Amino acid sequence: MTTPVRDQVQHVFDRCRPLTGGAVADYIPELATVDPDQFGLAATVLSGETAGFGDVDTLFTLQSVSKPFAYALALELRGFDAVDAHIDVEPSGEAFNQFSLDPLTGHPRNAMINAGAITATSLLPGDADEATPALLDYLGRFVGHPIMLDEKVFRSESETGHRNRAIAHLLRSVDVLEGEPDDVLDTYFRQCSALVSTRDLSLMAATLANGGVQPLTGEVLMPPLVLRRVLSVMATCGLYDGAGDWLTNVGLPAKSGVSGAILAVLPGRVGAAVWSPRLNEHGNSVRGVAAFRMLSDEFGLHVFEVHRETADVRPGGER
Amino acid sequence: MTTPVRDQVQHVFDRCRPLTGGAVADYIPELATVDPDQFGLAATVLSGETAGFGDVDTLFTLQSVSKPFAYALALELRGFDAVDAHIDVEPSGEAFNQFSLDPLTGHPRNAMINAGAITATSLLPGDADEATPALLDYLGRFVGHPIMLDEKVFRSESETGHRNRAIAHLLRSVDVLEGEPDDVLDTYFRQCSALVSTRDLSLMAATLANGGVQPLTGEVLMPPLVLRRVLSVMATCGLYDGAGDWLTNVGLPAKSGVSGAILAVLPGRVGAAVWSPRLNEHGNSVRGVAAFRMLSDEFGLHVFEVHRETADVRPGGER
Amino acid sequence: MTTPVRDQVQHVFDRCRPLTGGAVADYIPELATVDPDQFGLAATVLSGETAGFGDVDTLFTLQSVSKPFAYALALELRGFDAVDAHIDVEPSGEAFNQFSLDPLTGHPRNAMINAGAITATSLLPGDADEATPALLDYLGRFVGHPIMLDEKVFRSESETGHRNRAIAHLLRSVDVLEGEPDDVLDTYFRQCSALVSTRDLSLMAATLANGGVQPLTGEVLMPPLVLRRVLSVMATCGLYDGAGDWLTNVGLPAKSGVSGAILAVLPGRVGAAVWSPRLNEHGNSVRGVAAFRMLSDEFGLHVFEVHRETADVRPGGER
Amino acid sequence: MTTPVRDQVQHVFDRCRPLTGGAVADYIPELATVDPDQFGLAATVLSGETAGFGDVDTLFTLQSVSKPFAYALALELRGFDAVDAHIDVEPSGEAFNQFSLDPLTGHPRNAMINAGAITATSLLPGDADEATPALLDYLGRFVGHPIMLDEKVFRSESETGHRNRAIAHLLRSVDVLEGEPDDVLDTYFRQCSALVSTRDLSLMAATLANGGVQPLTGEVLMPPLVLRRVLSVMATCGLYDGAGDWLTNVGLPAKSGVSGAILAVLPGRVGAAVWSPRLNEHGNSVRGVAAFRMLSDEFGLHVFEVHRETADVRPGGER
């Protein structure tokens, strides 16, 4: 990574550090115990080189950032037809824990809201004993090391996750979910409790930016069509209620989680991640949203940014 | 344009011609009188060179394809703050003539649904006598010649547009619309009645693809931030109910209209347009949707398509 | 009327007079000019004798209290089938100016919300020139004298009633309304502007309580099945959002209007009316709601009050 | 009971017997095994004398007909304030298993939909071991003998009641439900599995008609205000989606259940019950709805029927 780029990322980090607005998630008791001042920011180019600042090696739980990966694994292992028969790809504009299923199809609107994410996890082959290690192994391949779980967070979610239990039973009652709700939730709560660092997340983002190929190991982790699908859904549904606002102002496929993490992807260019626990009213990290807005503006990363001087007259097929 | 590219576009045209499903819009009596078999397809590269097939010179009314342009003009003339105080940028997942305003902000969800489009038109400076010619002049600069109106369609919409009148009065009652509903609707129905050809539309799309610069005249018609905004909103809200499906499978900012037109943009690469009057259940041209799916697949135009072999390790700022 | 009854009504009046909470309706500018302290209360037994207290002879506009009467006239003149083909009888639990039509039938939920009331008025035979005098004549027969209009309120509503115009155009667009929206609204705004006193309203209520027979003139103004229908709909839909609360705690068919009037009926016993302009958050008169709660409690008027000592073992058919 | 009355009831029974439309509930597998042709009809006057026809002694499960009784017991044992802090009294117009809570209060709309009924049961004092026998004892006092449970139906509901589990977990997640969802559902599924005959149900209805006093034992089972509340809620919310239609056309407080039972009350006059398993699209017994329409018409039982000839000029307080 060139020094000017590293300096620009550092500059964004420095300017976001003073932002202490927002509040740590408390819907799971265990999440509320985190030190709210922590802040990590990392960007990884397609060579795998990472520029990291702040608490980039502190571990936190993946929470909803696990959703695009579980969705990708379900798409790869079960195929588009099987998955699309259960989960739609429409933006919902709804809060992350919203119930409502599409009134026409009866399906969860997309795999980024809880109803769709629980369904995606339920589509992983096998029961919880089989699906959980398969999913954790998959996540581990993105970060290059085995994934540990935060057992306290897992138990906390498992005991207090009444809304997720409600969602799972509802999905079961309309036959969107085929397995036992408690069984599926066991895997789902575990994937949410997976521990990663900001540096790990940045590498995960870079793998998506790099066409699904892990930059350091060279392993192909997402086939092109699965990757395209996952990025498309992240672009419209990745940031909870603020989806339109995010796509308009930041313009990157991304996914946030209530632990305060946000991962974002500039396809073909760079992956990046922020972690800072204080959340805005939509459940997105305050520093994370601010950092990505600045990164997008300063680097011109918005996918619909047209650089006039370099506009290319050749159609895409000739790239 | 290279011969292989032209051949590929022709190939898409030939394969979509046999698709005769769908039905011509009849909600405006005058629209129902069109010959449903007509079909035009055109693609324009950034040099302004157009490859056109079929009825590319037949005129039809812009209808909702006028929306992104009226929105752009309002953004440029009134500024982001003034426009954003009235219209949100969130996907709605709703039908084009849906009423519902955002429950929190009270604003139309975006400028691509009728409520938001009527509001955008109301934000153009001046009354109808001033706003209408300004907007038509603006549209004319994209196509390079003066815009004529289809007076029959205008009168037909004006007389039977009860739902649009309902929307305008509702917007007035909640003070989103500031002018007289009948006055605003006069301009709105006129912009919908603007006559263009598929070739015109393709040039409009190419202007967006070319960073807002009209390829043939070199005139700057959209400032970069307005263009980015318009493309972002088109990407999530341009195709009525099928927005998520469109972004997932075609992956291009686009806008459709009930006359059977669809315009799509690959930023920095190419603009394209299809016109064929038969519509699917969402109100989008059947041949248009099919043609863009094929174009996207065959040319790899999807904005979230990552071309592994050419992945660029340099961050966006260095492009 | 016996002296004890008159004394009890006076007692309720005296206890409600100190209630000065709430705010005068201001959605029509002309309504906001009323003296908010005014308060009239009247009860009329089936002989036609009225006990009145306070400003019982001051005139005010009927507003939504006109709705059950327009509905009754439409039912009588057009028949149940014709009316029920356009307006449902389901409680809506919605605010008085809510748009939403039943998702299955596409009809307004009931004739007490604006959408249903405008539809009921549209079903009166003839155009506005015919329907308006017919409806005003009908209202006049309830009060025993010709009905005057408040022309200022009429013009005020006509000029600022954007939401009602929105509703009428929406109804027209889905073919629930068959006439011209502006024509129907002309009659509707006039019926809302009809001037009555609290004493008049009490006589209107007593006519309903008396089986549809005007107590003083002996004229039959509602056939039994129309009366039963109107009272049923008033029981569940007469008091805007607070419908369930009203039926539970007061237990009388009733109708309120934004001018501050409430009319209530104890079938077979008594009619009563309150007028006082300050409204609660649901748009119902604060003193009116309080007075009817007290009247219901003190006189045991609730329709589901079972008086054990006098419980009658004979089935209803033998009454 | 006089012979003419008995003859009229028999007449209704005979005319409803040929109605074989509708379908037996199958959402609980065990319910689907019933003989669909069965039909019982009973009416009980306030002396306790019952006229019964058809399968009046066959046992079936109470299902939702248990809801008003559990609500009454919660109101009596916990008080109005405690219960009203959790359950509203607004009609919902929604299907019996609908989720949606009031958007403003966050409470279930009323105690007749599942969400409200589960909440009412949760408000009974003690845990399931205490609440279940207390509620079954209470039900037994209405019918004059101990209540047995259908264990097969109980187990069937317990195993397949995913939607009710979803509702209970949702209620728990918003703190409307305070106990353990599984614990509350155990009591709830048991009350639904309580076995009664049509004759039993008719006596339950007569107890409500008789001011809360069991006609045969003379035991006071509902205080007057609890009774008034329960009848009010039954009047607007007792028959699922068809609530407005029921109140308009039948005009009696009533409650239906998916086993095919309907109980209805003419306060101060008579109680009646029908049981026949085939249900209409709203989940109400086809023969039951038809029988009560006829009974209401033939006996003039509608609560808003005003009998002109006998209209009483005395206000209610003097009755």
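Going in written order, the chains are labelled A, B, C and D, and every chain counts its residues from 1.
By definition in this document, a residue touches a chain if its C-beta (ideal position, glycine included) is under 8 Å from a C-beta of that chain, and two chains touch if they have at least 3 such contacts.
No experiment lies behind these values; they were computed from the predicted model shown.
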Same-site or different-site touching of chain C by its copy chain D, using the half cut: same
Chain B-chain D separation of Cα centroids, rounded to whole Å: 56
Gap in Å, rounded to a whole number, between the CA centres of chain D and chain C: 31
Cα-centroid distance, chain A relative to chain D, in whole angstrom: 48
Junction residues of chain C, two or more chains touched: none
Chain contact topology (line, ring, star, complete or other): ring
Interchain pairs in contact, sorted by label: A-B, A-D, B-C, C-D
Complex interface listing, chain C residues touching chain B: 99, 162-163, 165-170, 172-173, 181
Residues of chain B that touch chain A when the two form their complex: 2, 5, 8, 43, 45-47, 88-93, 109-110, 209-213, 224, 227-229, 231-233, 235-237, 243-245, 247-248, 251, 253, 266-270, 298-308, 310-319
